[in-house]
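Note that the chains take the letters A, B, C and D in the order they are written out, and that residue 1 is the start of every chain.
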Amino acid sequence: MPHQTLRYAMIGGGQGSWIGEAHRKALALDNTARLVAGCFSSNHDRSQAFGQELGLPDLRVYGSAMELAEAEAALEDKPHFVVICTPNRHHLEQIKMLAAKGFPIVCDKPLCDTLAEGKEALKALASPGSGLLALTHCYAGYAMIKEARSLIRKGRLGTLRKVVVEYPQGWLMPEDAEEGKPAMSASTGVSSMVDVGTHAEHLARYVTGLQTKEVFADVSSFVPGGARTPDDFNVLVRYEGGQRGVLIASQSSSGEQNCLRLRVYGSEGSLDWMQEDPNLLILRLRDQPVQTLHRGQPYLSAEAQSCSRLPPGHPEGYLEAFANIYRSFAEAVQAYNRGEVANVDFPNAADGIASLAFVEAVSKSSETGTWVSAQP
Amino acid sequence: MPHQTLRYAMIGGGQGSWIGEAHRKALALDNTARLVAGCFSSNHDRSQAFGQELGLPDLRVYGSAMELAEAEAALEDKPHFVVICTPNRHHLEQIKMLAAKGFPIVCDKPLCDTLAEGKEALKALASPGSGLLALTHCYAGYAMIKEARSLIRKGRLGTLRKVVVEYPQGWLMPEDAEEGKPAMSASTGVSSMVDVGTHAEHLARYVTGLQTKEVFADVSSFVPGGARTPDDFNVLVRYEGGQRGVLIASQSSSGEQNCLRLRVYGSEGSLDWMQEDPNLLILRLRDQPVQTLHRGQPYLSAEAQSCSRLPPGHPEGYLEAFANIYRSFAEAVQAYNRGEVANVDFPNAADGIASLAFVEAVSKSSETGTWVSAQP
Amino acid sequence: MPHQTLRYAMIGGGQGSWIGEAHRKALALDNTARLVAGCFSSNHDRSQAFGQELGLPDLRVYGSAMELAEAEAALEDKPHFVVICTPNRHHLEQIKMLAAKGFPIVCDKPLCDTLAEGKEALKALASPGSGLLALTHCYAGYAMIKEARSLIRKGRLGTLRKVVVEYPQGWLMPEDAEEGKPAMSASTGVSSMVDVGTHAEHLARYVTGLQTKEVFADVSSFVPGGARTPDDFNVLVRYEGGQRGVLIASQSSSGEQNCLRLRVYGSEGSLDWMQEDPNLLILRLRDQPVQTLHRGQPYLSAEAQSCSRLPPGHPEGYLEAFANIYRSFAEAVQAYNRGEVANVDFPNAADGIASLAFVEAVSKSSETGTWVSAQP
Amino acid sequence: MPHQTLRYAMIGGGQGSWIGEAHRKALALDNTARLVAGCFSSNHDRSQAFGQELGLPDLRVYGSAMELAEAEAALEDKPHFVVICTPNRHHLEQIKMLAAKGFPIVCDKPLCDTLAEGKEALKALASPGSGLLALTHCYAGYAMIKEARSLIRKGRLGTLRKVVVEYPQGWLMPEDAEEGKPAMSASTGVSSMVDVGTHAEHLARYVTGLQTKEVFADVSSFVPGGARTPDDFNVLVRYEGGQRGVLIASQSSSGEQNCLRLRVYGSEGSLDWMQEDPNLLILRLRDQPVQTLHRGQPYLSAEAQSCSRLPPGHPEGYLEAFANIYRSFAEAVQAYNRGEVANVDFPNAADGIASLAFVEAVSKSSETGTWVSAQP
């Protein structure tokens, strides 16, 4: 069957948004979909200007998400899906709007600002004619993360005991905002738990399949200045099966770049993966030499193989991981359009809900000094 | 100025060619150009079938390079350039054909099979109305390679003394050919000096700016079996300025992946870069802590910054390096179309000639047991 | 002044005790002291046999610590100090006994089994004529740990924010005990918090100078079998100055070796040190290339230089770190014998008390599910 | 059988000699032998002063090697062996002198200055009553080097193909001599081939068992200044069995420390060991995950186990490797004294001869521009 390039529209992701650019490149890489419409700014002129840079016809560039949803839904060659890259606080409204028009949605994480909003979004998605939503927890798209999940499912680690997931970040430090440089958290009032912590939480859950029972958290705000949004989270985790976890999420870790790392310990061995060196996965089995598995090698699982594009030793990176999320989503969209259900592998709204429940439990634990349930 | 997506055609790179796919993805990544025509096989049906998979109209898919060149040259929306991904032995003929029609060309390395052919190609390119050719020595496209070059130009290493460039490869071992798996050298009779050695030679020259004076080589064929194409090259290099070099190129290095590594030593310090970990560059200055520079960081040179797409800690890989070659080539094509000359940064036919001169000097040295000039 | 080799006696550390051997080698390395007496087993014959292997005369090998203390104290060429390598539960009694005889003491960590015992030991040490005790938190002896402390004291990290110290261990897993192999915790009923956690706690305190205010802990016992001594500790830490910490100590981390790691974050940068690669220290300053500092280099602090024996690139290891503790202790003993007070740098009884207070707070927190003060 | 501590004397290795100190520490570490006599300087007063620092009685500290040899040979408690740490140019004379007195000898490498001298030394050693000589190619003493040798002997790499051994050094750069800092080569007129190259040559031979047939070399002198002793050697090697090799030895590699590295390639896989990270050995088998083997682990060979002192994850270093040479030599001495021949494992005079033959072949090749036999 010939490859079908889908059509998509984008809301947000305009001038200066590196994540918008990452979405577009990830979609272009595999020729998964081409951009046909967009709303890149609530300022109509700016939106048009940016659309022109991207080669879009003015007719299909809008000044509001609502306009886009309505106008595009009416077209014969309407987008197969719409990507939301706006600030978190707009997600709920836009999800509802797009779901109402029957558009499959890709939403940059987190799903929404709060668990309550997330639940409302989920309800909107459950309405007839809608339902497909991918959340771009892009780190779950790395081939070696697929391998990690596969090894755990095969029982290579024995009985799971413990998860250590860390996301110390320093490249976008909140104090930078004060110096006029981009800074995720401080500039938007979004805590680092939402910004980077949800990635860590999702990755641990995705790879291990463990469900969080309860959390205990210590939350701090180290960066001086106005907002004092929490920028450092240290969380103890108890999973349903009795396993233990430690989650560290921080954007005040000076000197770090984007150092997401996952370690999983079981009775027979442990796994270690680092996002900054994503083409390899370390497997430490008891009383055996340490193994380093490399992307692209024939000994990897089918899941890891299918998420790989290049031969071993030819590094893939962040955009390939991102593109893997999109590739699976595109299959789901095409299956959906044929009235089928694809065997898909991308983070969805339920994942978003689980993350938001985790975030809220962390906040509450920090306030009360007690273990708090993370059940959605 | 709005981004202009160019049009391109491809010759070769059909079913089963991972390098053809790499070219297409590298062009898609930045929306640099879109594929409008192709000749993917000398078997017309297979070419058509593959073109359909890529979404091309049958009309613009051909069974011979000649047909493509003639038909496409006559179109109003003809390709802005043509990519050659065929076996090396076809390069000369195709370059001449495309140059005669005035097409800018991207040619997968090496330029040709022999130095004599390379010189003939260069002559063809010098004819009026032609002239633009990029050779995809993709490793020169990495951002941290730009940084290495910049640091050397700034004199950070002092007076250059020595270059050690290695390319031990094991992922495509010639013996694999006998087991029916893809294997670059053995299956095509191309020596590993051409296949991987030219990448190493080019990278060292690109980063240091040094010109090879003469070489002494020891050439071996370790892999058992029919062809016995040389698969292991150890070369001593003398540069024009008195610097020394060691070049190792091998495809019989069992266990290795694609381990291209470049070290440059000067009076004040040394640089170390490894292709399998391409987002970093190690700078060792005398009597100072070792520095590790990371792609995307603000302290890098403008050259390195401009070849970077993602924030620090978000790995870029092989395709981004490849895409950087294309991005610069596309600028050159656009400038050329405007009658201007762009300030470009991509390997060209002269580079190809220098590599082929090096390859031939290596062969001759190995045969004669003497130092041999590598002047083209 | 000629180097003076001291004399020492050892209690414990007999047949099969690798730590006893480590003490002896650390003392021999620098010719710091030579063994002149010992009690290597409570079985007199076994003690004698082991003493003979070590080349000791039978007369100075004893079957009880008490005998050793009394007999040796009466000799003219009595030991300058006595080393305790017995199981923790014997430490208090032996410390009291040796202190009563006026012997300077080196005690393998931990000081005692409980905080109450530790306080009793401290009281014994304060009696007239006694007082010198070194606790062999050997990891604090590494040259690059001295450098880390020096950098922090010089303010290179700015205001300290956070400490992450981990000690996942797998080489002595408790289940091994059941298979007849040596296994620290399970075989002795000592929790991993005491066994490895105190090393981590001490290292963090030593390098940063921060005092723990309170802890919150989650304690588990993953290894199946009889004793079910806790083998996994995840601890959140709050320091007096408002800094935060995470301490992970585990002996059920299958696949790990002895992976003590310390990271310290401040407003201007962070430090990273790994015990398994101890000759280097990573310094990450904001917006600068990552620096790797190497033992033996001229750019290091005087403290780090003075703890180094070999030129750069000639690895030192665990025994050198251990020997550094002894070297400083020997200086203190000699100063003490001259009636002076040396400027010493080794963990002492007060450090032991602080560790035991930490251990007890961890236990109590785990039981109560609350933050617990770690003040001794 | 109780451990017997031997007695030794040392010639050279006085004030400011770090290698003399390394010998003494390596001997102390395992209580292998204790220093009983020495000649630390040809200036009698300086020799005495240094002997006093080491705690030697004046009577047994001499101002000439000859005096030491004669006086000590006459004593009842004479040394079991004598260590030579003098400049290379004195080795032959001292070896002859000590051999004549029947002393087993440990000689710091190289054996002598020239191959002719080496052969003369070998003849002297073959005289009745003499014969034991260890050459401290200390890098061969590392436990993981024993493992590498064992894996190759077991055929784990299949048929050997190629050896790449490098020893770029920058910590003792010749230009430092001009600045009044210690600098091996320039200050003594000894080429880097002798100083570091012989270590590399020996290590490759020790691990692989391959005999060099012929070499081709390019020799340079990069460091400005008076002596212009060659400081950079790039050597192509052909082994008797048809294998190929590359040897790089350099002391003008600014920024490097002591970066001895050995890679061995065979038909089934390759080995990789780096002296600066000596507790691990990388084994890359075709189509399998890369394995990292760690010192102290139960899966290692008996040879590697027997050269290990500490549990896994507790780093050993240079001195332990050095001490392993001495441990084996001490066994040989004791066996010799009992009239037996031990199964020993240390570099000997024949190894020294092989290295010197290699060095001379390198020089000659560089002069003649031809392949030169390296047969002694």
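As a working rule, contacts are C-beta pairs under 8 Å (C-beta built on N, C-alpha and C of every residue); 3 or more make two chains touch, one makes a residue touch a chain.
The chain lineup, named per UniProt: A, B, C, D = YfiI protein.
This one's a predicted model, so the numbers in the text were calculated from it and none came from an experiment.
Asks: Give the label of the chain whose average Cα location is farthest from that of chain A (YfiI protein).
Replies: D
Asks: For the chain pairs B-D and B-C, which is connected through the larger number of C-beta pairs in contact?
Replies: B-D
Asks: What is the distance in Å between the mean C-alpha positions of chain C (YfiI protein) and chain D (YfiI protein)?
Replies: Chain centres of chain C (YfiI protein) and chain D (YfiI protein), defined by C-alpha means, are spaced 34 Å apart.
Asks: Find the geometric centre of each of chain B (YfiI protein) and chain C (YfiI protein) from their Cα atoms only, then give the gap between the two centres in Å, rounded to an integer.
Replies: That gives a centre separation of 55 Å.
Asks: Can you check how far apart chain B (YfiI protein) and chain D (YfiI protein) are, centre to centre, with Cα atoms defining each centre and the answer in Å?
Replies: Roughly 43 Å separates the two chain centres.
Asks: Do you know which chain D (YfiI protein) residues sit against two or more other chains?
Replies: 256, 283, 290, 294
Asks: Over in the complex, which chain B (YfiI protein) residues touch chain D (YfiI protein)? Could you list them?
Replies: Residue positions touching the partner: 157-158, 161-162, 164, 166, 168, 170, 173, 216, 218, 220, 222, 232, 234, 236, 238, 244-246, 248, 250, 252-256, 265-270, 283-286, 290, 369-371.
Asks: Enumerate the contact residues on chain A (YfiI protein) facing chain D (YfiI protein) in the complex.
Replies: 283, 287-294, 297-299
Asks: Name, in rising order, each residue of chain A (YfiI protein) that touches chain B (YfiI protein) in their complex.
Replies: Touching chain B (YfiI protein): residues 2-5, 18, 21-22, 24-25, 28-31, 52-55, 169, 171-172, 256-259, 275-279, 294, 296, 309-320 of chain A (YfiI protein).
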